[in-house]
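I'd like to ask you about the structure that follows.
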Amino acid sequence: ESIKVGMLVTLSGPPGALGGQSRDGFQLALEELGGKMGGQDVEFIVEDDELKPEVALSKANSLIERDSVDFVVGTIFSNMLAAVFKPVTQSETFLISPNAGPSTFAGKNCNPYFFVTSYQNNQNFETLGKYAEAAGIKKAFFLAPNYQAGRDQAEGFRKHFTGEVVEELYTPLGHKDFSAEIAQMAASDAEALFTFMPGGMGVRLVKQFRAAGLADRMKFYSAFTVDETTLPAQQDDAVGFFGATNWAPNLDTPQNKAFVAAFEAKYGYVPGGYAMQGYDTAMLINAAVEAVGGDLSDKDAVRAALKAADFTSLRGDFSFNNNHYPVQDFYLLQVAKRDDGKYQTEIVEKVFDDYADGFAESCPM
Amino acid sequence: MLVIEDLSASYAGAPALFDVSLSVGEGEVATLMGRNGMGKTTTIRAMMGMMPGVGGAVTGGRVQFKGADLTGAASYRVAKAGIGLVPEGRQVFPTLSVEENLIATARDGGRWSLGEVYTFFPRLQERKTQAAAQLSGGEQQMLAIGRALMTNPTLLVLDEATEGLAPLIRAEIWERLAELKRAGQSILVVDKDVTALRSLADRHVILEKGHVVWRGDAKDLEADPDVVDRYLHL
Amino acid sequence: MSSPILRLAGLHKSFGALVATDNVTLDLSPGECHALIGPNGAGKTTLIHQISGVLKPDAGRIFFAEQDVTDAAPHERAQLGMARSFQITSIIPGFTVLENVALAAQARSGSSFRFFGRAKAETALNDAAIQALTIVGLEARRDTVAGSLSHGEKRSLELAIALAMAPKALILDEPMAGMGREESARLITTLRELKSRVPILLVEHDMEAVFALADRVSVLVYGRVIASGAPEEIRADPEVRSAYLGEDAA
Amino acid sequence: MKDALEQATSGGGKVSRDWGAIAPAVLVFALLALGPLAAEAYGGAYLTSLLMRMMLLAIAAISLDLLIGQGGMVSFGHAAFIGLGAYVAGIMITEGAADLAMILPMAIVASTVFAVVTGAISLRTSGVYFIMITLAFGQMLFFTASSLSAYGGDDGLTLWERSTVFGFDLLSSNVTLYYLILVTLIGAYALVGALVGSRFGRVLRAAKENPTRVEALGFSVFSYRLTAYVIAGVMAGVAGVLMANQAEFVSPSTLAWQRSGELIIMVVLGGMGLRNGALLGAVALVALEETLSSITHDWRLIFGPLLVLTVLYAKTGLAGVADAWVARLWRRA
Amino acid sequence: MSTTLLLIQLLNGLQLGVLLFLIAAGLTLVFGVMGFINLAHGVQYMVGAYLAVAFYGVTEHFLAAMVLALLAALAIGLALEFLVFRRLYHRDHLDQVLATFGVILFLNQAAKTIFGPTPLILPTPEWLDGSFLLVEGLLYPWYRIAVIVAGLAVAALLYVLVRHTKVGMLVRAGAANPQMVSALGVDIERLFMIVFGFGAMLAGFAGVLAAPIFSVEPGMGDDLLIVAFVVIIIGGIGSIKGAFIAALLVGLVDTLGRTLATDAMKLFFDVSSANQIGPALASMLIYILMAAVLFFRPTGLFPAKGMA
């Protein structure tokens, strides 16, 4: 008997970097566990959803039906999660998201077979909103790609921010040239930019923002825009810019220090949140398998063990809410250049302590 | 100058030309005659290396031009060797202007220049900036002739070059060809105007279903003036 | 003679500075063959394009079968019984010879918005097609793919298509061009028989054909009709001789 | 005597030729009919859902080939119709009008309207211009769907139940849905096959090669093309309704240009305008992608060159190759 | 919106337009003029960018990296031509689509396998690294000016090449009737090979120049490929002038659309609906523009005369 874990993440194209980190983090944990969970061998199957819903669905089916996995770890993107959510949970297989945390499944559609080890998507921007409020920022410029996640961020931002959003701009997904948006920023009287521009979009925005000289006039606050997946390309242009999330490589706990060192030694790049969450997911599953003594047939017991989250998270405090989304701390981060010439985000201050998302109330679980 | 021996060709595997031989000497005019679909154009295509372009192939025989072997050569090589083609159905370059059609493939080294061609066909000069696709049928035909002349060929090949030309122009062309011949130009011509060909050509070949069924020179034809009508079923 | 089947009244058409049709008034009466001749680029094809609806005249009207068709689409004119041939061969190259002509027959026999039933098996269409092919001497080639016909054979097919439309009037643009002498001769015979039933507007540079067929000849030069009359008059007209026929024509 | 004999033999020849023409498709249908049985033994719902997706794409590809292969109208926005059908299904199910008896007519109406409007505009152009203008309409619909926040925006919409059929809950069983899709596929195949041979199809094919000539014969090329465009659109729309039910999920990616591109690829790979082309193209493409991607994540390194080789060496597409095989078998038999 | 901002946005629109033309230039030649549907144009653009990054890693010198990248892009283009494309010139357009699609899949994946999925960058050359003050508080990088100059230069070069040289005439003639060009004594295959190589180089050039502004990542050319086609179609296939004007038009419409659409929608809808509809409309604008142009001019703004 062995434990089967299927991972379904995006590995194709530029967003593949995120899935790659997730996979690497999980694998590192598995290695540290000696390839075993609860004393049993682990078979780890990785599938690429190619960022196409129908591929995600097909791969999920293949993990469930053909490979009969015990856990599906996925996905990175919310729209992939929506595609596989129903078939996976309906088959009574545990679906653990290492990154995507849409509001859709946090409230009334929460599910006993679904866990999230990252955050509820809006929370990073709620953190920024809270920080901006506390820092006394009165006028904010909001910029995000025109898709659901972008709109969720705006909503998250406004949750704690009572100042004025002087402009709320949405660019096409995959936007290339930000000249027009930058001109609008320059013309506005906003004190700071709040932006959500994942992947290559973030790289382009940061470079063009810096080149236009705006960095000297406006603060740059963001989520998913300057992180360890984009910093190798943004480099000096991003130094000093702010991010917000649940963790940073320099978080000062012994486990985390060991993790970052081991990770960099093994993979040769600085781990980002995706890697951390991949690692934590593996540790979470391991803890649950151990708790039930390797017997995965009693789903209720497994669920209870998962929910207990009896492991030491790299980010310190970690527990699950009633909706199986985490309760954890959130930080304001800032990009810095390390002594070895690499770039990473570093913690500036803790904004939320043991923060839970706002959708949990409507979850019947 | 041009020697074709036992040339055979087929379209998509179906034979269309069988052992056709033919020659054109320096300063000579030769004709290819035959009813529709008998293989005149195919002979010219096979000689010019144009069969692959229309889904066909040369399956046998030899083509020599000025002593060089051109059998199976790519058509640009045949043309460069000094053969200027006025193809059946005009085939002017539709998106090019009249003048561009004339100069695009022009080669120096002979009597034909833009000015010469324009004097020959004043109509072309009037329309020189117009896209060739918008020319009238006859104007396109003039253009196709002019284009071939602009390559200053040693052998001029005309495949139904007078199709669609007004009687006046057609007469002028026959006159001009006679003049060219006197100046030493070699010509291979396919045309339905048998009367004109008779007075112009030195030798004749008649094709039927891809086979040569009669050949002879101007004297032979004079001796048996009905032969053409016989083979052309008139 | 009864009223004309086709009548052009004061047609004008120019391409930029070039006047291709200059106040052309012309008609075609039942039972006649009206030949239209003129130098290359005189505007004959342009005129036919306007008659058939491919081009829109700048001014003037076109009447066909008692109707003003100036603004009608080409297919509407064809439905009224106008059939034309193209100077530059226009066939369906991927169809067999038979299917090319059968399609023409189909156009004049009932609706083609029929989604079921094999068109190829409709004997009425095939018979009509074979009839037209026989007229032009192409029946032996009926199963050949039209695109692989020789040039002259394509010209014959072009004509067979027009014939198979069972038209009320035929507008032919250089039907003899590219045809061999034998084929031309045969065609002349056919058209001579046909014209009593189907009037023909004939554009042609083959003077043998024109003078063998035409009841009336009009001469177009620079878009204008410079002469119109019986063949003999035209042949003798000095202006026509110098502009078009050449001095030794006769 | 001789004539009669000839007729008899050629007639006989025709029958066998007709069978030969559809033999590859019949084989595919037979194999597909065994799909659920095979799934019992291997792969379970994974296999059936894969085969269902394959069949649905095949329906869409077959309808697209009516446009491309027969009509010369290369639509780069065909996925819009799938998406339209899927969204009609998704929205109606979400809003509680889940019965196929309501959804199907609604989807047909929606596809027809969209096809008539966009077709009438697009058909003013031809060739590459047509490709691009259909792309434009597809993109407009795509961005519209992406901004439908109420129905999930670009995250897509999870369907919490499948359609009922006249009140009966037939489709919640994968097997019933499977056979419904198979029957629809066979119907689509037969329909397009009939259309192609009909008077209508003949005009359409002729207009593909020489519209001016066809117009001069008295056919309104525009009307024939528009009719074909509507028929194809409706077929794809129906496929979309079934697709939403099969995936229990609808998202804008269903109508992204990449999806339209894939449909074109299927048609071309299979062999444009050939009886079995679109069907074989869809089956081959889905099977190949699935197989290769289960072998390696870098499967495109193999798949790309494979496509290139197919173009270079199987000039008539897969169906052309299949036809040649069938012809050889027939001669031997 | 203030007049200054509007002017700046007009400038930005034109700037984007020139950049789009630069990216579309190679395609204009190979597809527009030569008539070959080369979907691989987008990946050739990407290849140029990656090559520049790779060579920069070796030489640490922008110009040197650029020259090497161009040569390599040419070599890769010629290799593709030799192996694949030359067998497709006389084939159906859709066969070209399928084959070049295969090339896209392969090269995108190869880029990812070799260079990894994360975005890379090419630094701006030092001698162009500065900016000047456009208006109070907004700098404009010199590098962008250089890109605009390059775009204008390429436009002029292409125009002269295609319209006024014998090579240009032969390519246009060959696009319509390669057999006839050959029958008149021109080695059309070699000519096409050269043109294709040049097109690949132009694509690579655009990739190199865009790399310091945009990010270098797998698939970076895919979306731009579509925009390039949009540009060529609006301009009219085969027309360099058309493509240039269309590029400017697309740049302007896209930029102004993104700036104004939401505000315009606010006139008709409440703020949150406007925020919903505006950006969606802005994304659609270039497609609406294309559809509108084709509605009134079914063969684009400046169709080449005599196109069948």
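Brief remarks follow.
Just so it is clear, A, B, C, D and E label the chains in written order, and each chain counts residues from 1 on its own.
Following the convention adopted for this analysis, a residue touches a chain if its C-beta (ideal position, glycine included) is under 8 Å from a C-beta of that chain, and two chains touch if they have at least 3 such contacts.
Source: prediction; values computed, not measured.
Common neighbours of chain D and chain E, by the contact definition above: A.
Listed by label, the chains touching chain A and chain E alike are D.
The most distant chain from chain D, with centres taken as the mean of CA atoms, is B. Computed centre separation for the pair chain A/chain D is 38 angstrom, with centres defined by C-alpha atoms. In this assembly, the C-alpha centroid of chain A lies 74 Å from the C-alpha centroid of chain C.
With each centre defined as the average position of its C-alpha atoms, the distance from chain B to chain D rounds to 50 Å. Across the assembly, chain E contributes 108, 279-280, 283 as residues in contact with two or more other chains. Residue positions of chain A with contacts to 2 or more other chains are 11-12, 146. By the definition given earlier, chain contacts exist for A-D, A-E, B-C, B-E, C-D, D-E. Within the complex formed with chain B, the residues of chain E that make contact are 90, 166, 169-170, 172-173, 175-188, 238, 304-308. Every residue of chain A that touches chain E in the complex is listed here, in rising order: 11-17, 20, 146, 168-172, 174, 176-177, 179-184, 186-187, 199-200, 203-204, 207-208, 211-214, 217, 229-230, 232-235. The part of chain E that touches chain A in the complex is made up of residues 1-2, 4-5, 8-9, 12-13, 15-16, 19, 108, 112, 116-121, 124, 131, 135, 137-141, 143, 213-220, 223-224, 255, 258-259, 262, 275, 278-280, 282-283. Contact residues of chain C toward chain D in the complex are 52, 54, 73-76, 78-79, 83-84, 86, 90-95, 99, 103-104, 106-108, 111-120, 122, 161, 165. The touching residues of chain D, counted against chain E in their complex, run 68, 74, 121, 124-126, 128-129, 132-133, 135-137, 139-140, 143-144, 146-147, 149, 257, 261, 264-265, 267-269, 272, 298, 300-301, 303-308, 310-312, 315.
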